[in-house]
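The letters A, B, C, D, E and F name the chains in turn, as written, and every chain counts its residues from 1.
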Amino acid sequence: MTDRKNPSALDLPMVDNLPPATQKYFDICMDKLGMIPNVLQAHAFDIDKLNTFTALYNDLMLADSALSKLEREMIAVVVSSHNRCFYCLVAHGAAVRQLSGDPMLGEMLVMNYRVAPLDDRQRAMLDFAVKMTLASATIEESDRRGLRDVGFTDRDIWDIANVAAFFNMTNRVASAIDMRPNDEYHAQFR
Amino acid sequence: MTDRKNPSALDLPMVDNLPPATQKYFDICMDKLGMIPNVLQAHAFDIDKLNTFTALYNDLMLADSALSKLEREMIAVVVSSHNRCFYCLVAHGAAVRQLSGDPMLGEMLVMNYRVAPLDDRQRAMLDFAVKMTLASATIEESDRRGLRDVGFTDRDIWDIANVAAFFNMTNRVASAIDMRPNDEYHAQFR
Amino acid sequence: MTDRKNPSALDLPMVDNLPPATQKYFDICMDKLGMIPNVLQAHAFDIDKLNTFTALYNDLMLADSALSKLEREMIAVVVSSHNRCFYCLVAHGAAVRQLSGDPMLGEMLVMNYRVAPLDDRQRAMLDFAVKMTLASATIEESDRRGLRDVGFTDRDIWDIANVAAFFNMTNRVASAIDMRPNDEYHAQFR
Amino acid sequence: MTDRKNPSALDLPMVDNLPPATQKYFDICMDKLGMIPNVLQAHAFDIDKLNTFTALYNDLMLADSALSKLEREMIAVVVSSHNRCFYCLVAHGAAVRQLSGDPMLGEMLVMNYRVAPLDDRQRAMLDFAVKMTLASATIEESDRRGLRDVGFTDRDIWDIANVAAFFNMTNRVASAIDMRPNDEYHAQFR
Amino acid sequence: MTDRKNPSALDLPMVDNLPPATQKYFDICMDKLGMIPNVLQAHAFDIDKLNTFTALYNDLMLADSALSKLEREMIAVVVSSHNRCFYCLVAHGAAVRQLSGDPMLGEMLVMNYRVAPLDDRQRAMLDFAVKMTLASATIEESDRRGLRDVGFTDRDIWDIANVAAFFNMTNRVASAIDMRPNDEYHAQFR
Amino acid sequence: MTDRKNPSALDLPMVDNLPPATQKYFDICMDKLGMIPNVLQAHAFDIDKLNTFTALYNDLMLADSALSKLEREMIAVVVSSHNRCFYCLVAHGAAVRQLSGDPMLGEMLVMNYRVAPLDDRQRAMLDFAVKMTLASATIEESDRRGLRDVGFTDRDIWDIANVAAFFNMTNRVASAIDMRPNDEYHAQFR
């Protein structure tokens, strides 16, 4: 897979001259991560699309929230597991291994989150994300009440819902255009 | 439904003083649409979230694309039909009726897009969007080739994939938090 | 769709000379509804088939029952929604709008009945109809007890079961032969 | 099961004095079949309902058609197999054994019709009936063309569709009210 | 079906000279059952494969267990019903009829085990076997607790799990290679 | 998970004094693998069950076959992925990494085998294994022909079918009793 010219099956090369802000962002990626994540490269054929995507991603995954960054990555992996999205399982599986320091937890969430040793709060959070993934139209007030019962606020429910929904979007883009993760993720934090 | 205090089941009121840019945006909505769409009101508890959402929405649905605005709305409705998302079926069903001038087409896409009189290009586009919705992990090169065979470019495939994926996101948010559409949509463009 | 010679994809024209009773029935339809419903025209290639169909339809939907006519139409729409039957959603969606005087209720039942503001009795009735539609073999005594718990008698359960089952029949006929609803329904009672 | 007072889980006893025509019909059943099929007894709490049901049944299963009676029973069993309807599998499984003189064929259709040695015509007929049962909304012109390609006329397609749909109705009624078949069927024509 | 040279769709004839132990085993089959079950003939192209299969089969179905032989056959039939395995439904359906002396019970388990008159213990056992068949990854401690609540020990749970899993294996082999049951089973113990 | 007394959720301790042959087998495991696989420990409450299991396992996975050991492990992982079996994904995922020397291939088969760079032969083999896992009753002669078309013999088809079916058995046992893999697998061959 590593010899593909493009980060996806589509022939949409990056713009020739990256704008300075984008170049700086990519430089930071190289510096911090040792790579420019392929999802960014894939969007870089159109800088507006890259910017709207990264703004949403950063707001959901990195901005202030009562959900820890690890919890948001846990949602990412469990949603991606149910959608069988190779890109997101590889990239966010690595993130769970990194943020948790528990490689086995990452594997459990990739393979079957029901085997993971989770407290009631995290389990309820992931059950809700799975129901959103598989049967969103059947969610009712009782499901939200279940989240409140384990301590989540309405703002937390917003965050759970939006993170779970975001990966239902990106999983589908990644599979639809066969976007592939950078090779670097595979061996990280094992 | 019309007596709910909030546009969703979550108690997340709008920020007290909308920033001028937001206020102006909402004024334009009132002016042009006669309402502020509830999805915008629901995001307005956090202006950053509102802005990232609208930026992505506008880029996908309104920015330059070889897909017409009607075609993008057709994808929205067909995806929402398969996810049974009440909010999006009401709001984007109205948009299809408006943009097509064909109320029956709107109903067909809401109910079962296979009965709609579509040309091969639009049918292939919607079939791809449905496969992305129901079984994204099974999409392979032959599916993309099918789109190219009816004339879509790789850039068009990007757009189809991202519009279809976007509604797989918003459908799930809307169902997860029981977001309700403005009453105005129901009778429009019948 | 409106230029098709036949009310379905099958070339089965009406008998040349309608018997007087049939002619009278069709005249009443024109008089009361402004149209002869296509389902009747489709059966009219064989008057015996037309008669057995209308006798069953009238017994289930119009004869004496503790279920109101609106409730029977609600079952019709919710079953048809799960079977994605275009004909029945259009025709019986209009009936729900008419009998309820609530166009939004019609839309809710077409799109996702779980968002409709229903009392416990009607919700239990529709949940039972949906279970019959999707997984009838898993119905057990506890399901019938659930109906009795909200006040339905055994006779009412018979009526719920038979109306729900009837639309599981007609939905399948309509889809199998691509029967199309009269155009008149679309704009009615909006 | 044989000690239940009623032919179903509903307490809806037969009318006290059967009208002469009904009594005569039941006498013929006793005479010819050695039993009154429970489905008739179950309807006999309301003679109008019994009559509309039997009229439809007789028109579909016994009246003139290019489908043989065996073929109509084959559709009945295969539809009932996919709906896992105990009543109809028992009663119509016996009918297939009787009409075909091939007990193994009856078992095959009950268990998995794909193992039965069918000609192309009968296989296409049953495949269509199964698609109607499991995913009627996805049927399109190509499916009907498939039936025409093996020799079925439009009238035959009507008959296939209506027989398959009828058992999708009765299967659901039988399961919804736990209607049980007469014991006599089990050992017949083995 | 009876004229096929091989017991399956694969051309894998029995070894020319059966080893004495195998010959003796087959002679016992002929003696006791009046046939050599086709599953044994199908394995006999490789005596090691035959021996490992029969050793596992005998350990699970015939060796000491708190589950009666009938109960193990009941699991076999209910699993095979959900996998629609013709071979196993025929062969083990006959076994249920034989061991229970209740032909109707055999039919119920083949068609829809929910109609069978089972005590709580047997119903829980079969519900667990069905969940293993359809959605094994969702089994959790609460499911095992449900079995313990009706009196099963951990050793019993092992046996239930291994018998249910075994037929999930053999069902799939039988369907994959179109293995057919001996004709003798059909009429037995009716 | 590593602090559980037993290799599964069942309290079925190993027999007190392992027979010499078993002890020797376990010693070889420690020697070669650095562990006694938990599946063996789980069976060791009953030496007959351990022996019949290992005999079948060894015959399928290690004995002579035109399928390479890697190919048999590939089937194991892809079947386990569709059944979401944590034990088998961990243990056999490691085996694929080891035998292929390609850690990424192991991840691909765990997550979504459709992204793996496979030749036509291996892809057909895995597609058949997946169809056996998800819908075995729908397999027909055309599926077997597909395997023959890419070069598989009937004996090869037997092996594919039996390996795929075996993991449909063990996946279900592992999930039913919550069997957990040895920790050692996680970091191996990354």
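The rule is short, and it goes like this: a contact is a pair of C-beta atoms (placed from the backbone, for glycine too) under 8 Å apart; a residue touches a chain by one contact, two chains touch by 3 or more.
Quantities reported herein were computed from a predicted structural model and do not represent experimental measurements.
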item	value
Where subunit C and subunit F overlap in contact partners, by chain label	A, B, D, E
Shared interface partners, meaning chains that touch subunit B and subunit E	A, C, D, F
Angular offset of subunit C relative to subunit E [C-alpha, multiple of 5 degrees]	120
Listed chain pair A-B, C-E or B-D that repeats interface C-D [over half of contact pairs the same by residue number]	A-B
Same-site or different-site touching of subunit A by its copy subunit F, using the half cut	same
Inter-centroid spacing, subunit F versus subunit E (mean Cα positions, whole Å)	22
Whole-Å gap between the CA centroids of subunit A and subunit C	44
Centroid spacing, where centroids are CA-atom means, of subunit D and subunit E in whole angstrom	30
Multi-partner residues of subunit E (each touching 2 or more other chains)	84-85, 112, 137, 140, 178
Topology of the chain contact graph, where touching chains are joined (line, ring, star, complete, other)	other
Pairs of chains satisfying the touch condition	A-B, A-C, A-E, A-F, B-C, B-D, B-F, C-D, C-E, D-E, D-F, E-F
Subunit D residues within the subunit F interface of the complex	112, 114
Residues of subunit E touching subunit D in the complex	1, 84-86, 89-90, 103-104, 107-108, 110-112, 115, 117, 178, 180, 183, 186-187, 190
Contact set on subunit F toward subunit D in their complex	137-138, 140
Subunit E partner contacts - residues on subunit F that touch it in the complex	9-12, 45, 48-49, 51-53, 55-56, 59, 63, 83-85, 128, 132-133, 136-137, 139-141, 144, 154-155, 157-158, 160-162, 164-166, 168-173, 175-178
